[in-house]
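First the structure, which I've put down as structure tokens, then a few questions once you've had a look.
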Amino acid sequence: MYKNRRIFRESRKVILDVIDHIGVFFLAISGVLTASEKDMDFFGGYIIAFIASLGGGTLRDLLLNTDVAWMSSMSLIITVMLGATIGIFFQSSFREMRKTFFVFDTLGMSLFTIAGLQKGLEFDQLPFVALLLGVITATFGGVIRDVLCNDIPLIFRKEVYATACISGGGIYLVGTYLGFGNSVPLLVISMSVIVIIRTLAVWRKWHMPLVKNVFNKK
Amino acid sequence: MYKNRRIFRESRKVILDVIDHIGVFFLAISGVLTASEKDMDFFGGYIIAFIASLGGGTLRDLLLNTDVAWMSSMSLIITVMLGATIGIFFQSSFREMRKTFFVFDTLGMSLFTIAGLQKGLEFDQLPFVALLLGVITATFGGVIRDVLCNDIPLIFRKEVYATACISGGGIYLVGTYLGFGNSVPLLVISMSVIVIIRTLAVWRKWHMPLVKNVFNKK
Amino acid sequence: MYKNRRIFRESRKVILDVIDHIGVFFLAISGVLTASEKDMDFFGGYIIAFIASLGGGTLRDLLLNTDVAWMSSMSLIITVMLGATIGIFFQSSFREMRKTFFVFDTLGMSLFTIAGLQKGLEFDQLPFVALLLGVITATFGGVIRDVLCNDIPLIFRKEVYATACISGGGIYLVGTYLGFGNSVPLLVISMSVIVIIRTLAVWRKWHMPLVKNVFNKK
């Protein structure tokens, strides 16, 4: 029984790790595509791939005043290099299969949110701060990418991206305080909420109201 | 006598804390107004509010390699959320009462400068570095806000903002080395210098000379 | 013999320190020239000088979760202030002597790469991460400078800058693992490679291929 639980826990860790690498892989590809549109060269492409995929987690670790996670993980670094290289050579194909792409990107993002939140809790942060760290992990890679590409970050203008992260992260947080922390069902539910909200938002073209339209639209 | 001093010290701490929260509150409102002008959505508005009000202190704490202060202060976080929410709902009113706004913004900025400098000294930094940390605390929230809004930071182009911080901070620094550190009169004098210089500068439309005009204007 | 070696080691440290300060000095001047072109004021000029010359090393130290090096080095700070001041008053002369300028800039950059890499190794980082830290030390001052000036970072678009750093840094890394770490010949060779590649690249107008042209140009 106990042994089973350990095996179960180990396998859960492996699953999370796999999803983490998938998320990084797809964010690296998406970083390269952005760099390509901005007329960047190869070096710029790889750097943007790194920042888009690992930037959010880096900022989280800096804020937590702890070691930056990817710096001791050769497998994450190789995943980024691989994603960027594949992204460079199959740019046009990726642009055509936007939908497949979207699925993995959203999956990675939902995992990043929960992983960041979980790390915040492990570092004894306030619940709200842990939630914030989850959202930062999932979104700030894209924010720094857009800043380096000289755009106003996309998620500040258009996407329901962050709202999805906050909702799913909030459910995970409540679940944790109800005693279901670290359990697989809670993980599945909160990640699903993120994926569903984002998918619905993109499908139905939901947008957050603009700050300046608060009276007109409401 | 001793007990009085302790009460006095405690009350000073409370006063500083109150001004700190006021500064954060007003910088959050001002962040939301900027986000509104840039066509950002609600999420973007709250993020810019966070960064404009707490970004300078965050950078200071990262440079000091210490824990980020606001992350363990729920009251600061609530103040930002409150400021941002009020900013969103009363945008037009705030735009009309620019002058009242300016007073609190300047008060907050002067406090941020001294608080940052003081923290630098407590961490045994070089005097010049402590002064720099004070200026960073007061100004870099605005710098990151402008970068995220895709503008060249305002204080690099127009305002005498930083000069005011450096002057007041310099006086506080000299006073500290003359043995008046942590005393209320020194605090009042150096904060007043910041407020007076900035107010005069905005009123009389003083500008720093541009780098490229150094020979033409001098 | 042992004493000689110590003297030798000391003198090597002095030489590295001198080159480090020269690199910082010239990057500060180049920062001021950029600020001037962007219509910044004096304060902006000094800040950009600071960031262009010390920003890369700052980011490296933040990522290493250690104390930021320049914050305890008054001589580095004075060097920046001096470089920025001289840059402001002799702007036009510096614009004319681009070639002399280029030599020192390249020398500083090559030193920054090796110094960053070496520091990474001293902090027991993975070889690839140490190389990355070297490149970050040499290039990210310029990246943050360009972001603050509202440009897409130059090195992501045009220069072979980073490729030069990676090549020289790679040689230093291989040499270190072959047992020549910290030796003067290895230092000279790897720094020369950086200088030669960059000089050739600028002279022969080499560019990295753009991400989007991968099929057209290859």
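The chains carry the letters A, B and C, assigned in the order they are written, with residues numbered from 1 in each.
Going forward, contacts are C-beta pairs under 8 Å (C-beta built on N, C-alpha and C of every residue); 3 or more make two chains touch, one makes a residue touch a chain.
Here the structure is a predicted model, which is why all the values come from computation and not from measurement.
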item	value
Count of contact steps on the shortest path from chain A to chain C	1
Same or different contact residues where chain C meets its copy chain B, judged by the half mark	different
Intercentroid distance (Cα basis), chain C paired with chain B, Å	32
Residues of chain B engaged with two or more neighbouring chains	62, 65, 147, 150
Parts of chain C lying in touch with chain B, wherever the complex brings them together	32, 35-45, 47-48, 58, 62, 65-68, 71-72, 74, 77, 88-89, 91, 147-150
Chain B to chain C touching residues, read off their complex	62-63, 65, 125-126, 128-129, 143, 147, 150-153, 155-158, 162-163, 207-212, 214
